[in-house]
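The same chain A turns up in both complexes below, where it pairs with chain B and then with chain C.
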Partner chain A sequence: MRLALLIPLYAIVAIMVVYTIRHYLFTLNRLFGRHRQPYVDVGTASWPRVAVFVPCHNEERVIAHMLDALLVCDYPERQLVIIPINDRSTDGTAKILAEYASKFPVRVAPFVRKGGKPGKAAALKDAMAASDAPIHLVFDADYLPGRGLIKQLVGPFFDPETGAVMGRVVPMNVNKTLLTRLLDLERTGGYQVDQQARMNLGLIPQYGGTVGGVRRAALIDVGGWRDDTLAEDTDLTFRLVLAGWEVVYQNRSECYEEVPESWPSRIRQIKRWARGHNQSLARYWWPLLKRPTHVRRWKVVDGLLLLGVFAVGPLLLLGWALAIALYYMGVPLSSGVYVILAVAMYSTLGNFAAFFEVAAGARLDGSRGRIKLLPFLIVGFLVSLVSVSWATVAKIATFWRRDDQRWEKTERHRENGTVIP
Partner chain B sequence: MIPFLALLAVTLLWMVLPMLPALREVVRPTDVAPLKVVDRSSGYVAYFARNFRQYLDRQMAALPAEAQAGDYVGKLPDGTQFLRVHKSPAGLAHEVDAGTQNRLVVVDHSMKLADDRTFLMEVYARAPTIGGAGSVYRAIYADRELGLGERSTVLRWAHAVGTLGVGSHSVLRGRITSDTAVVLGGNVVFERIGAPVISVGTERLPPQAPGELTPWKPPAGARQVGDHLRIEGDLEIAGGMRVETSLVVSGMLRLGPGALVEGSVKAYRDVELADGAQVRGAVVARRRIIIDTAAWVGGPAIAEERIRIGQGSVIGGPNLPATVSAPELEMMAGATVYGQISAPLGGRTF
Partner chain C sequence: MRGKSARREVERARHFEAMRTRGFRGGLIVPHRSMVGLPWTALRFLTTLALSLGGVLLLYIALPSLGRLWQEIFERARDFLGLAAPLGDQLWNLPGGLEFTLPVLAAGTPLPGDGALRIATIVTLLVFGLTVLLPVRFTPLRYFLRLLAIIQATAILFFAFAADPFPYRLQDHVFVLLSAGLVIMALVPLVLGLTLHVFDLALWKKLLLTLAILAHLAVFIPLQVLVHIWLVMHGTALVMPVLFLVFGLLLDILVFVSFYGWALSWRGELERRDLPPPAHLAAPIRGRGRGR
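After this line comes the complex of A and B, so read on.
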C-alpha cells in the first residue's frame, strides 16, 4: 500500500521538477539568450494573396471594430480578402457583416454557416474552401490588429518550411478588473517568455488559433482543420510538426484582444482549453515519442511537455492528496538533511518558477507597476488548477462519449464607446 | 492564549508584508494601461521621415507671413528654433560653435553645404542639396535629390524623395530611405535602407532567365512535404541544372554556376549561390547566405547570421520588390537590391 502511494508521488515530484527546470531554462534564455526573429524585418516583398478568416458566433459587440482594423491595414488591397464566418449567430452579427459586405464588396466576403457542428474548428473547416489563397490567417472577432500586422504575419511564409505563424496576444481591457490585470501578466509570461524562448531554442512554438495563420498547402498536407477537437490550434501545431513543417512565433507581431472580465467566463474558457489540449495529449504523445526522423530529440521533449501542460494541474492535486494521505498514514517520505535541502530548494525555486517567468516577461516589456501584482497570481493559479483538474476528470469520466465537443463561447464585454487603443 | 494570539498576529503580519506593494497596486493602480507594444506603423522603414515631414508641414503652415519666405531665423510655433536658408549657405553662419548648428535647418535653395558641419537638429532640404564631406546629421529630409558627401554620418534617419547618393566611407545609423533610389559608395556602413532600388554604384537589372537547362533529379531519401522537397544532410546542385520545386535542406545547400531553382530554398546551415545561379523565390538560411557574382534571387533573402551579395548580383527586380534581412550584410560593387535592407548589427559596402 505504501509503495502504491509512494511511487506515483515520486513520479509526480519528478514531473514537477522537469517543468520547473523548463520554466527556468525558458526564462533565462529570454533574459540572456539570443532573440531570434529572422522574419520580422521582411517589410517589402511581392506579397502573396491572403485570406483572413474571422469566426463569429454572436459577435455584434466587437466585429465592427475588428473589420475596421483589417480594412485599414497596409497589406495590398488586391491581395487580401476578409472572410468573416457568420457561424449560426442569432444576434445582430449577420446584419453588421451584410453592411460591410455591401460597402466593401470585393474586400469583405462573409461566409454564412447556418447549421453543422458548433465551434471554431468546425467553422474554419467549412469556410476553408471559400478561398484558394496560399496563406490563411485567422483572428478571433474581439481582436484589433495593427496596420502592419498582416504583412508581419505573412513574412515568415516566404520560408518554404513555415507551416504556421503565431503572433503575440496583448490584452486591451487590462484596467477592468483584478482578473484582467492578472490575465495580462499571464499573457506576458506565456508569450514574451514561453513562446519566444521556444522560438529562440528551435523548439515548438504553439500556433494559438488567432493572431496567426497557416499555409494552405500545409493545411491540406496534414488533412485540413479537424472539427473533432476543442483545441484546433494545438491539434494543428502537432500535426504540422509531425509532418515536417515549422511553426514560427513572432513576438513583435502584437495584437490587442479582450480577455475575460469575470471569473465564471474565465473558468469556462480555461476548462475548454484544458479539454481540448488534453485531447491533443491523448492523440499525439505516442506519434511524437516515436520521433519522425526530421524531428529533433529536444523538440520531442518540448512537445511532450507542451502537450502535458494542462495535465499538470490534476497531477499536482493528486500529488498533494498523496502526500497528505502518506503523512496521516505515518509514512515518512524519507529522512535526513538531503530531504530538508530538497524541500527547501523546491519551495524556494520550484514554486516560484512560473512567477519568475512572468516577472521576467514584465521586465522585458518595460512595465514596472504591474509586476507588483505578482503575488495575486496565486489566486489565478489556484482557480486554474481546480478548473483544469475538474475539466480533465470530467473528460476522463466521459472519454467514451465521442460527441463530447460542447463549445463554450467566451463572453464579450466591450461596450459602445469603448476607447480603442 | 494572549501569547498565541500575539504570535498569530505577528505571523499574519509577516505574511501580509510582502503583499503590501501588491495591495497598494490594486487599491491605487499605477500601471493599468494596455501595453504600448502594439506596433501600428513603426515597422515601416520611412516611418520617422514621414512623421517629421508631417510635423514640419503643420508647424510651417502656422508661421506668420514674414517667416514664410526668404532667409529667416526664428521659432516654430512649438518653440523649436529654426533657420531658413533661402539664398546662400551664408545663412548657416548662425552657429553655436564653428561648424555646429543647433537649430532645425530648412534649406530652400539648391546648394552645396560646406564640409565638416554638424547638424544637431533635423535638416529639411526643399531643393536639391549636396552635403559637405565629413558632415554629421542627426536626421535629414529632402524633397528632391540629396547627396551626402564622403565620410558623412547620419545618426537617426535620412530620406529623399529623389535619389539619395551616399559618399564613400560614410556611416549611416538608423533608417535611410528614398522614394526613388539609394546609391551607395564604397566602404559605407549602414543598418536599414529602403528604396525602390538600392545599389552599390551603378544599379544592375535582374539577369535573363538561363536557356537550356538539365532537369534535376532529387537524391534518394528526398521527401515531398506539401509543396516542397525535404532533403536530410548537405545538398549540392550541379551547375546548369533546373530545379522545379522548393527545397528545404537540413544541412548546407550549394547551387552550382548557372543553376536555377523555380521555387524557394532553405537550409539549416549555409546557402551558397555560385556565379550566375538563380532562385526565383526566397532564400532562407539559419546561418549564412553567400551569393557569388551575377546571381539572382527573386524573393526575400533571409539569414540568421550573415549575407554576402557578390559583384553585380541582384535581389528582387523592378516589379518584384524584396527584402534582404540578416544581422550582418556585405555588398560588393554593383550589388543591387530592389526594396529593403535590414542589417541591425551592421551592413557594409565594398
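After this line comes the complex of A and C, so read on.
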C-alpha cells in the first residue's frame, strides 16, 4: 500500500523537478542567450495583403477602441482589410460595426454569424472564407494594437517556412486589483521569458490565438480552423508543427489587452483554457511522440511539456493528497519532497512559470517594483490549481460527451466612455 | 591582417559598435525591453560561486552557534509561553560526519478526546460555511480557508475512526520541522547562487541578502516551531497535520520567496537610472478609477 502511494508521489515530484529545470534553463537563456527576432522592424517591403479577423460576441464596450487602433496602423491601406466577426451578438456590437463599415466601406468588412456553433474557433472557421488574403491575423476585441504592430507581425511571414506568428500580450489594466497585478506577472513570465526562450532555442513557441496570425496556405494545409476545440490556438500550433511549419514568437510585437479583473471571470477563463489545452494534450501527445522526421528530438520533449502545462495542476494537487495520506500512515518523507511540492506552489499555472522566471521577466521589463508581489503568486496559484483541477476532472468524467464545448466568454471591464491614450 | 592594421580594425569596429548605441546629443540608446539581456562575465561567475560556497561555509562554521541560539530561544520562549516541559537536546547526525544539536522540549502529545473532536468538527464546519458567505473578491481567502478545513477534516476523521494510533509525537513534529528548516537554510546560498547572483546586483547587496535570509530563518524557524508546540499543547494533536502541511515548510519557502522578490526589486548595476517605467505601469488609463 505504501509503495502504491510512494511511487506516484515520487513520479509527480520528478515531473515537478523536470518543469523546474526547464524553466530555469529558459530563464538563463532569456537572460544571457542570443535572441531570435526574425524580420522584426522591417520598414520597407512589398507588403502582402492581410486580413485582420476580430471575433466579437457582445463586445460593445471595447470593439470601437480596437477598430480605431487598427485603422491608424502603419500598413498600406489597400493591402489591409479588417474583418470583425459579429458572432451572434445581442448587444450594440452590430450597430457599432455597421457604423464603421459605412464609414470605411473598403477597409472594414464585417462578417455576420447568426447561428452555428458558439465560440471563437467556430467563428474563425466560418469567417475564414471571407478573405483570400495570404496572411490572416487574429485579435481579440479587447486588444489595442500599436501603430507598427501589423508590420511586425507580418514581417516573419517573409520566411516561407513560417506558418504562424505570435506577439507579446501586455495587460493594460494592471493597476486595478491584486488579480490584475498577478496576471501581469504571469504574462511577463510567460511571454518575456518562456516564449522568447523557446523561440531562441528553436523549440515550440505557442501561437496564442490573438496578437498573431497564420499563413492562409498553412492553415489550409493543416485543415483550417477546428471548431471542436476550446483552445484553437494550441490545437493549431501543434498541427502546424506536426506538418512541418514554423511557429515564430516576436517579443517586440507588443499589444495591450484587458485581463480579468474579478476572480469569477478569471476562474471561467482558466477553466476554459485548461479544458482546451488538455484536449490538445489528448490529441497530440502521441503524434508528437511518434516524431515526424522533420521534428527535432528536443522539440518533441518541449512540445510534450508544453502540452502538459495544464495537467501539472491536477498532478500537483494529487501529489499533495498523496503526501497527506502518507503523513497519516507515518511514512517519513524526505524534506526535499515537501520542499519541491512547496516551491511548485509559487508559480503561475498558465505556463507553470516558477517564481524566478516571473521575477526575471519583470526585471527585464524594467519594472522592478512589481517583483515585490512575488510571494503573492501562491494566492493566484491556489485558485488556478483548484479551478484547473476541477475543470480537468470534470472533462475526464464526461469524456464521452462530444458536445461538451461550452464557450465561456471572458467578461470585459472597460467602462463606457473610457478614453484610450 | 597583422600587427598595427589588425589593431586599428578592432578599434574601428569597437568605435562603430559604440556609435550604434550613441543617440542624439550623445545620449545612450537603450535596447527595447524585448531585446534586452544581461552580459555574463567571468567575474559574475566567480562571485556567484564564491557567494554560494561562502554562504554554505558560513552556515557550517556557524552551526554550533546556531544550535546554541535555538537552545536559547527555546529556553526563553518556554517560560514566556508557559510551556511546562523540561528542555533537552538531541544530536542530529548530518551527512559527512557533521553533527547538529537540536533543542527538544520533552512535552507529551495531548490526544483529542470526544469533546475536542466535537469542537473541532463544529469549528471546521463553521470555517467552511464562512467561505460560502465571503464576497467573491475574497476568493483566494475562500480557497485557502477551504483548504485548511479539508486538511483539518482529514485529521478529525483520522482521530475519530482510524484503527492505528497517530504515528507522530510532538517531539517528532518538532524534530522534523527544525531539521527540515536547517536543510532549507543550507539550500539558501545555493539557490540564491542559481537564481539571484546571476543578476547584475552589486556584490554587497547579494551578500547582504544571503545574510539577511539566513539570519531571518535562524530566528524564524525556532519561533515558528515554538508556536506549533503551543498550539498543539492547547489544541491537541488534532492541529498537527494542518500545522505541518500548511504552516511548516510552505511558510519557510514563503520567507525565501519574499526576500528574493524584494532583492530583485533593487536597482541593478547596469540599469539606466533615468528610464521611466513601461507606459502601461506608469499611469492608469484615463477615465478609470483607482483599484477597488
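Heads up, the rule we're going with is that the second predicted complex is superposed on the first by the 396 of 421 C-alpha atoms of A that agree within 3 Å, B and C clash if a C-alpha of one lies under 4 Å from a C-alpha of the other, contacts with A are read in each partner's own complex, and residues count from 1 in each chain.
Heads up, the rule we're going with is that contacts are C-beta pairs under 8 Å (C-beta built on N, C-alpha and C of every residue); 3 or more make two chains touch, one makes a residue touch a chain.
No experiment lies behind these values; they were computed from the predicted model shown.
**Student:** Once the shared chain is lined up, is A:7 touching chain B (first), chain C (second), both, or neither of them?
**Tutor:** Touch partners of A:7: none, neither chain B nor chain C.
**Student:** Answer with first, second, both or neither: which of chain B and chain C does A:152 touch in the superposed model?
**Tutor:** The answer is first: A:152 touches chain B but not chain C.
**Student:** Does the superposition put A:282 against chain B (first), chain C (second), both, or neither?
**Tutor:** Neither partner.
**Student:** Contacts for A:106 in the overlay, against chain B (first) and chain C (second): which applies, first, second, both or neither?
**Tutor:** In the superposed model, A:106 contacts neither chain B nor chain C.
**Student:** Considering only touches as defined above, state whether A:340 meets chain B (first), chain C (second), both or neither.
**Tutor:** neither
**Student:** Per the overlay, which chain contacts more chain A residues, chain B or chain C?
**Tutor:** It is C that touches the greater number of chain A residues.
**Student:** Based on the superposed arrangement, let me know which partner A:172 touches: chain B (first), chain C (second), both, or neither?
**Tutor:** In the superposition, A:172 touches chain B and chain C alike.
**Student:** After lining up the shared chain so the two structures overlap, which partner does A:373 touch, if you call chain B first and chain C second: first, second, both or neither?
**Tutor:** both
**Student:** Determine, under the contact definition given at the top, whether A:256 touches first (chain B), second (chain C), both, or neither.
**Tutor:** Once the two structures are laid over each other on A, A:256 reaches both partners.
**Student:** So in the superposed three-chain picture, is A:160 touching just chain B, just chain C, both, or none of them (first/second/both/neither)?
**Tutor:** In the superposition, A:160 contacts chain B only.
**Student:** Based on the A-chain superposition described above, do chain B and chain C contact any of the same residues on chain A, and if so which?
**Tutor:** 168, 170-175, 184, 252, 254, 256, 365, 367-370, 372-375, 421
**Student:** Please give the residue numbers of chain C that touch chain A in the complex, ascending.
**Tutor:** 32-40, 136-137, 139-140, 143-144, 147, 151, 154, 158, 162, 164, 167-168, 176, 179-180, 183-184, 187, 194-195, 198-199, 241, 244-245, 248-250, 252-254, 257-258, 260-262, 264-268, 271, 275, 277-278, 280-281, 284-288, 290-292
**Student:** In their complex, what parts of chain B are in touch with chain A?
**Tutor:** Those residues of chain B that touch chain A are 18-19, 21-22, 24-26, 29-35, 37-41, 43-45, 192, 194, 223, 225-228, 230, 232, 246-248, 250, 263-266, 281-282, 284, 298-300, 302-304, 316, 320-323, 325, 339-340, 342, 344.
**Student:** Touching residues of chain A toward chain C in the complex: what are they?
**Tutor:** 24, 27-28, 30-33, 35, 37, 168, 170-177, 184, 192, 196, 251-252, 254, 256, 262-264, 267, 320, 323-324, 327-330, 332, 335-336, 338-339, 342-343, 345-346, 355-356, 359-360, 362-375, 377-380, 382-383, 386, 415, 417-421
**Student:** Touching residues of chain A toward chain B in the complex: what are they?
**Tutor:** Touching chain B from chain A are residues 36, 38-46, 74, 144, 146-148, 151-152, 155, 158-161, 163, 168, 170-175, 178, 181, 184, 188, 215, 217-218, 220-221, 243-245, 252, 254-256, 293-294, 365, 367-370, 372-376, 421.
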